[in-house]
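You will see two complexes here that share subunit A, one where it goes with subunit B and one where it goes with subunit C.
For the complex of A and B:
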């Protein structure tokens, strides 16, 4: 199908006035050539898109029943759970959907980190992706406040208080964020307004992300550039079908949480109504924020902890320049590949420390893991890039796929 | 360049036009900033929130060694009837060595009544220590479970990430047994 819908007169009529069919064809159709060697890690982008749509649809439905007021929010969520037809289902999809969204986005980011997708000419694409990740964190945080349980309330208190560490203007900023002298109904109401807004902002930024992606096309497991048509396959039907198959698997995992373990990823304290006079003995963020939380607590100084936590994400913006290797894919980087997996382990350790109280040896482990996290990006990345001898790159994507003894097999071995 | 295009022959046209650009830009910028201010300021505490200024508390039921928590401006306020040992512990420290140096005398109006906002100066959790069964930290005062801050019997920060002592709110004794906070 070279000119889309060429046979259909209605399609032609529209296409002449608004070339939307050829646009679609170039974006996700047969007119978009994608590298022929993409592995399943390249499914995460489309899954993230689906997850965003699921959040928006279930969110809009929840908003029809939810009441954003300090006196009624908790009860209205219970009302959704007990009285509204299928309310329990919609809320469980929304609550677990946030976790599934972060899961696929985090895999997506680690994929980029492994295959060097942040390198020239995709630096801006990487930045836009990080911006989406930050917006997701803000959205999920504000959504978590809405049920107005104990965890909601104290998460809101602790996170907004981070701003009080800013010298001089910190306190006025916090009062401004709260709309009062503590987290209270005005805070809840503005968070609700923003929680509704931000997902649509994310959708907009996603469009820019895809625009940047399509400017130079997808990276691929070998990290070498597409050299001609023999290296690619049309997106439709090859990758539309592969994405749909991945979606099926994703929805099975999603359904497991929703139907068999809906509260596992949450925290039981959030079924206790917010009480401004009592902090729960052990407050933790949702799992997807635990590594940052561990970094925050690793520094025994208020402002310092916040600066270092911010730097943990900030440093990701710099890696297109911190990585000095001329080879993109870690598949062909025997030394860097090992450091990559150490980093993954380090981040998992940070998450584990973040989930535990800041006592005893957890403090030390958290500090060591934080130090290593920065060491990886600031020291390991540039130095390994300079001194490592990469393995022989395949001549092209096509040869790497055909040549069974060469790049393709080893590429599979090395893939995360 | 404008001399050739305008044909008017005014050599200073270019700089006059620059001035107009800058002036227009400046007025546009200031105007926009003024228009944005209400959109920002609406998020600050509204009049009714500001009006909730003061709380009166009867201290007579609080026996020595006991503590109560009252609410002022939607925050918890700790009121502790301190024992002689607690007061002595609070005074037996070298003030200069503290993270936020403040003598116990400067934190109380009457020695036995310690009155403070019960909000950890780290990230705003409510420290434990009001109940006899609560952990009271290594200095016998309060312990914040969120990130492990220890406060002494004068509510001063002694250990952990918090930068400052628990805040003393403005209050006055209306009689021997009633206070007005705020």
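For the complex of A and C:
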């Protein structure tokens, strides 16, 4: 897609009335310059978009056969699995697609955290991204309730019950959420309605996310600003082809789960129909919510647990200020870089604790890991930013690409 | 949990309390009886190219029919599914015709018993859960349609459970009507050992050892839980080959496009 309307009369006709071709060109075409040094971590954004589309398309097909009623939901999912043509395929794509979606989005977020993509002038972009993450968590949680298995039911019970910790109005709120006096068919029906709605809200917020992104362009592994055309490449064909290659790898991993291990990421209990009279021995969420679950349970008080779990995500909104370093990319921050990896390990430990029953040493480990999580953002981030001497930054993206990995001969402090 | 005010309904209170208990103190009750890790006899359907052995499937159905169906339902299994596990139409119809199902209403509005046809689902042994419990010492024999997917360990677990009955160790006090089975959570199960040497007489002449019957019925139950597994794995191979080729191609294109960037 070079200059819009190149020759083709139909294209020109449309372009004159609706400049969609030049719009496309500026969004993902040759008219959108991107830093030339982006690494493969920059593939995750487009993959997340693909994952969202896959969820919406498979979800719409599932919705044609699914019955949102307490007495029929479980059977209708089995009907999809057994009687609908390729229903098993659609459902396994949808169920594993949620995991793949979170996988790429989490890598995407950790990428931003490492390269300082939340710093000036991308704060709003970062917040919008966090909003997408929150919406995804809500969507996936409500989706997990739909098959109406034991884990569906009890996860819904545990999570909605959290609201009862709100002082005074907690109980009425829970009753209102449930649409009755227990998790039951009305709860399922409203979750279904919202599960259908929220992905489209996500799609809308994604558009705003990309709008904000295109205002200042992508950050890059050096974290320094683009200084001129020598630092960039046209998005098409360079990054379109790179994104397509990444998509191939993504689909291979995705297909492995769908075709060869489709139930591994789920919980066996969700193949037992929901039973309000029988509590499963361990109620666990899907893997992508385990770290938050560990934080929730680290606090021995219900309300406290909720507040702290909320704060765990809330603190991510504050890091544009908590990070005091003038340098964006951790590549040039020898001390902070180490703390970054400790944080990653800490979050993995939280996930592991979340998967285990809260007993014995798991309780202590969970509490220590939770404390460290907050310590990282509230203490380590600002103080390391103040006291650390960053390595010298390369002159420009172009020079950093020329002498790969090596030195910054003529040094300059980074933006902003 | 803190500060919960009493709720007037019994069921929600129970549910809430149970959930909170599970949330904050789960585990120890279950973990108490150290459960033995299931043993893996090796099944033909495991692995990326695995398929169900038709002989095992048909023998497994026979075991279900002659043994397990006395207590367990198999609600997602229709007689037409017999075709998929290798019976021909005549055999499948003959098997269906052995069962009586409720038909009707006829012109007078009366319900009547009629022989089952291929479209019917295999009838459950009990009219409802309460009847099932009453006949089984208070324990509920679960529906077996999804049992292989509904238990950690899957087919290995079911096989181990069926072959795992043993005399209780000296320190285990068995409850009334319970049997010792180290693979079952808690070690005590309300299902009496269902399989005995030559408990069925296989139509194909295979010797009906406990191990053989357990293996056969487990294969059959895996099929019942995942009837499209073979189609899934077959499609998976094609998809994988396609994706790998496409990705290699895209990689080469990417190299080519980027070759002028330094």
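The rule is simple: the second predicted complex is superposed on the first by the 401 of 416 C-alpha atoms of A that agree within 3 Å, B and C clash if a C-alpha of one lies under 4 Å from a C-alpha of the other, contacts with A are read in each partner's own complex, and residues count from 1 in each chain.
Simple rule for what comes next: a residue touches a chain if its C-beta (ideal position, glycine included) is under 8 Å from a C-beta of that chain, and two chains touch if they have at least 3 such contacts.
In this text, all values refer to a predicted model and were calculated from it rather than measured experimentally.
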- Item | Touching partner for A:359 - first (subunit B), second (subunit C), both, neither | both
- Item | Larger contact residue set on subunit A - subunit B or subunit C | C
- Look at A:89 in the shared chain and tell me whether it touches subunit B only, subunit C only, both, or neither; answer first, second, both or neither. second
- Message: Taking the superposition on A as described, I'd like to know which of subunit B and subunit C A:276 touches: first, second, both or neither.
- Response: both
- subunit B versus subunit C as contact partner of A:302, first or second or both or neither: both
- Query: Which holds for A:177: it touches subunit B only (first), subunit C only (second), both, or neither?
  - Reply: first
- Using the superposition on chain A described above, determine whether A:186 touches subunit B (first), subunit C (second), both, or neither. first
- Task: Have a look at where A:154 lands relative to subunit B and subunit C in the superposition and call it first, second, both or neither.
- Result: both
- Which parts of subunit A are touched by subunit B and by subunit C alike? 154, 157-158, 161, 164, 181-182, 276-277, 279, 281-283, 297, 300-303, 357-359
- Item | Residue ranges of subunit C touching subunit A (in the complex, touch as defined) | 1-5, 7, 9, 11-12, 14-16, 18-31, 48, 76, 142, 145-146, 149-152, 154, 185, 225, 227-228, 232-233, 235-236, 239-240, 243-244, 246-247, 250-251, 253-254, 257-258, 261-262
- Given the complex, residues on subunit A that touch subunit C span 36, 78, 81-82, 88-89, 92, 154, 157-158, 161, 164-165, 167, 171, 181-183, 233, 237-238, 241-242, 244-245, 247-249, 251-252, 255-256, 258-260, 262-263, 268-269, 271-272, 276-277, 279-283, 297, 300-303, 356-359, 401-402
- Item | List of subunit A residues in touch with subunit B within their complex | 154, 157-158, 160-162, 164, 175-182, 184, 186, 190, 276-279, 281-283, 297, 299-303, 305, 357-359
- Tell me, which parts of subunit B touch subunit A in their complex? 40, 43-46, 49, 69, 71, 73-76, 118-119, 122-126, 128, 144-148, 160-163
